[in-house]
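Look for chain A in each of the two complexes below; its partner is chain B in the first and chain C in the second.
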Partner chain A sequence: MAEIQLANLAHSYNPTAPTPAYALEPLDMTWSDGQTYALLGPSGCGKSTMLNIISGLLRPSTGRVLFDGKDVTAKDTRARNIAQVFQVPVIYRSMTVAQNIAFPLVCRRVPSHEIRRRVDHLAELLEMTHLLRTPAVRLTADQKQLVSLARGLVRDDVSALLLDEPLTVIDPHVKFALRRKLKAINAEYRMTMVLVTHDQNEALSFAQTVIVMNHGKVVQAGTPQELFERPDNEYVGYFIGSPAMNFLTAHVKGDQTGLDGCDSVLGVPHDLRETDSLKLGFRPEHVDPVKGDIQLKGSVRKILFEGVDRVLEIAAGRNLFRARLDNWSGAVGDQVSLRVPAANAHWYVNGNRIGQPVTRLAP
Partner chain B sequence: MRTVYLAIKYTALLLWSSFVVFPFLWAFSTSFKTANAVTSGPKWIPWLQFEPSLQGWRSLFGGVGGTDISGPYLNSVIVTFSASLISLTLGTLAAYGLSRFQFRAGPIRNADITFFFISQRIMPPIVLAIPFFLMLRQLGLLDSLAGLVLVYIALLMPIAVWVMVDFFNNIPRELDEMAWLDGCSPVTTFFRVILPNSLPGLVVAGMFCVIFGWNDFFFAFTLTFTQTQLLPVAIVSLNSSVTPWWSLSASALISIAPLVLLAFVVERFLSRGGLAGAIR
Partner chain C sequence: MYRQKYVFLLPGLLVLVAIIIFPLLFTVRVSFSSWDVFNPGLDYIGGRNYARMWADTRYWEALGRLSVLAGATVLIQYVLGFALALLVWGDVRAKRFFRVLFLIPMMTTPVIMSVIWRTIFHESLGPLNGFLRAAGLSAQPWLSDATLAFVSVMIVEIWQWTPFMFLLLLAGLMSLPREPYLAAQIDGAGPVRTFFQVTFPMMAAISVGAILIRLIEASKIMETVYVMTSGGPGTATETSSYYIYIRGLRDFQLGYSASLSLTYLIIMIISLTIIAKVMIRLLVKDRT
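And then the complex of A and B:
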């Protein structure tokens, strides 16, 4: 178990090219011991590259990897004592399930009674005791992935457990239980866990810190709540939350800001240049029929039924926004008047959130 | 409809298998014939059409008008199997290296090295005969089993490398990476993880080595004189002014026997699901 520090780390798969394309743009990051992290982003955004650099399967083009302050950049995978689970299940075909799970311990010459104790304990935890003597080749795909996972968990002294979209091949109903087990194991062993995923629900429900990535760059890192309430940019706003965050285009006249679909007149953020694009961002969940100081209006274009909630798609001039309301009754085409608290709305200049609060001038 | 289809299928199979089996039957019946029976037109049924005789078989083991082939037979077994085993061992190690690690010597890369191995087999054997002869003479290994084993290793290892490089390339790298993560060094990865999963490849490569080694006549002939003789050379030397069809047939059958046996064993191995789904 270790604190993992990435110092000025960058990677290009073709570093000798005149303008190398970075799979991972330069970044600095520290992962605390015993915490859970999720790397979230679309396919090809550099998540797996980052993971492979940490585990030592890939040598970074520039920068350093430090475990507990010690530079391990030049060390091979074995010396780093990392456990990793890949997206596709990897099993040793010539061995039984028990031998598969025990393999990392056998390689490290752990006494056999200790190996048996840990394998049995883990098999019980993952509900696969009855499979221990089965040859690993006979398992189904999700059982094989369970074996891969068990092999990752069998050592209790690993620097970190890296999970590279391990739940993709697993049945949805098993997935949920498995995620809970991973959290339980994290609580029990205080093992640093890093989960790579493109599924926001998986990331938000699993990790204490979520790192959103796009095109090899870290777009925002924070707690699930921070990412939800204050996305740093439009990308995170769109990526996190369902439905995505609303962004209403604003136009500035003198010292006032007007928006299609907004009755209130808002103050203009300072230091705004004429060429900047200004948008007001707020979550559909923060829209309310009565509470809030910013007034919204428009006509209902679409109604999506989501249990007790209704998600309305509302058109207002050139803008379109969504609102999640409970107990709303009405029909498509209705004119609606809604509100959103200024505290839950943020200004986005050229796609990035600025710190200045949204102020209402009138009414 | 289904019965018609089955009838056609079995007729075709029957025709094909009789086509395949016929030469063996022919050799088998000829091996029990005498000069008279061979030269007096087609005769099939023993005792009715011709009187079976063990002369052909006897002549192979020191009988009248033949030579004892048991010595050359043993030599062939020793040379073929030891050369195959060494080639397979060295070739598999080389193939794993070529499949998993990047080598570079100036402009030469992994693919070039692999081709270098195979290129040994592109040259016509006659080109190699004289250099091999001179080298073995230098080493004092002409006309010896050890010399032949050395030459056969040079001939068989390219086959082993070629088959095994392809086989290892088809084993996903994730398997190696997982072994490293689990605490294996590159060497233990090979022996504990990759090798136990490579039985089908080893069997195929070994089979090729044995077949090519066993059937070689050219080098067995050019690099030996009187002391050492391998089976193909001994069989050829059975021939005389009157072609002894009976003993040639018997020797043909006896010389393919080990390969046929091996094929049965290997087939068992391969059909036990060795090749299917190396991962996932």
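And then the complex of A and C:
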């Protein structure tokens, strides 16, 4: 178990080119011991590159990786003592489940009675004691993935457990149980865990800190709640949350701001230049029929059924926004008047959130 | 219903009959005749050819010799081919050059290469004995000593067909997924353990295929024996196909050689089926 520090880390697959293309742009980051992290982003955003650099399968072209303050950049995977679970379940085909789980210990010459004790304990934790004698090739995909996971956990001294989209090949209903097991493991072993995923639900429900990435850059890192309530930029707003965050184009006239379909007149953020694009961002979840300072009007274009909730797509002038309302009854074409609390709305200038609060000047 | 389908099937069936079934049946018929150079024609002599074959120790010895030759050479080819494939699989300098270089023996004509090798093995003029003498060793009667002649044939066979194993196994290696190797690295397995626990189990299926193809091919060995030793000295390097060739084309005992061929075919089918089953059982575990 260790604190992982990435110091000025960057990676390019063609570092000698005049203008190297970065798979991972320079970044500094510290991951504390025993916490759970999720790297979230679309395919090709550099999250797997980052993971492979931490596990030592890839040498970064610049920067350093430190475990508990010790520079491990030049060390290979074996010396880093890391555990990693891949997207595809990996099993040793010629072995039984027990032999598979014991393999990392056998490679490290741990005494056999100790191996047996740890394998048995782990099998119990992962509820697979009855499978120990089964040849590993006969397992189902999710059982194989559990075996991969167990191989990472069987060493009790690992620096961190890295999970590279481990739940992608797993059936949805088993996914949930597996995620629960991961959390139980984190609770028992207090192990630093890093999960790579492109599934926001997985990231938000698993990790204490979520790191959103795009085009090799860390776009925002924070708790799931921070990411949900105060996205740093439009990308995070779109990427996290379902449906995505609403961004309404605003136009500034003198010291007032108007929005299409918005009855309220809002204050203008300071230091706004004429060329800047200004947008008001708010979550569909924060839209309410009665509560809120900012009033929005429009006609319902689409209604999506989501259990108790209805997600409405509303056309307000040239703007389009979504609202998640519970127990709403109405039909397409209805004129609606809705409200958003100013505290839940944020200004975005050129795609980035600015810290200034949204203020209402007139009704 | 749909009787016309037979019209469309007919050309295919006719070709099948003409190419496979007719020659086979004809061979069966010939094997019950005494067709030879003095009495050409399809008479019927019952199972006399088979009775003669049963007592023909030279035939059974040739078959035994063939099993040893094919088994040993294919095994050595497999080990060598696997080793070479592993060598040029990773990041090796000039690996493309080596990949092509290793394939050259396979592309040459067996007859020509056997002639070259016979020259190399030549007792007084061949370069091999020249090297041995230069190294202070005594010259060896490569092609006139029974054991050495057998070894020489084996060497040529291995030299010629290791590239085939190399090719198939390299293709297999290159199609392997990356993750198991990363996992093995993370689990702390060294190169030897990685080979036996990761590479070899994943290569088991293709290994069985490669070995079977080579066993079938190696059993037909003919040119090498013909050119290098003509089955000699004595019958020391005589294999089944060469013996059948002697009886059929040199002695022109068509009836007898037909019975030998048929028996050979049946023995091959049975033994290769058993070998395939056993290998799959032993190596490819997930099929159980």
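Throughout what follows, the second predicted complex is superposed on the first by the 363 of 363 C-alpha atoms of A that agree within 3 Å, B and C clash if a C-alpha of one lies under 4 Å from a C-alpha of the other, contacts with A are read in each partner's own complex, and residues count from 1 in each chain.
One rule holds in what follows: a residue touches a chain if its C-beta (ideal position, glycine included) is under 8 Å from a C-beta of that chain, and two chains touch if they have at least 3 such contacts.
A quick note: this is a predicted structure, and the numbers were derived from the prediction, not measured.
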Chain A as common anchor, with chain B and chain C clashing or fitting | clash
When the two structures are overlaid on chain A, which partner does A:D255 contact: first (chain B), second (chain C), both, or neither?
-> neither
Touching A:P135 in the superposition: chain B (first), chain C (second), both, neither?
-> second
Quick one: classify A:E306 as touching chain B (first), chain C (second), both or neither.
-> neither
Looking at the overlay, what does A:E127 touch: chain B (first), chain C (second), both, or neither?
-> neither
Determine, under the contact definition given at the top, whether A:C107 touches first (chain B), second (chain C), both, or neither.
-> both
Given the touch rule stated above, what does A:V88 touch, chain B (first), chain C (second), both, or neither?
-> both
Can you pull the chain A residues that chain B and chain C both touch?
-> 55, 57, 76-78, 82-84, 86, 88, 90, 92-95, 103-104, 107-108, 137, 148, 151
Residues of chain C touching chain A in their complex?
-> 177, 179-180, 182-183, 185-190, 193, 197-198, 200-202, 285-286
Complex interface listing, chain A residues touching chain C | 55, 57, 76-78, 82-84, 86-88, 90, 92-95, 103-104, 107-108, 135, 137-138, 148, 151-152
Seen from chain A, its contact residues with chain B in the complex are 55-57, 76-78, 81-84, 86, 88-95, 103-104, 107-108, 137, 141, 144, 148, 151
Per the touch rule above, chain B residues touching chain A in the complex are 172, 174-175, 177-178, 180-185, 188, 192-193, 196-197, 277-280
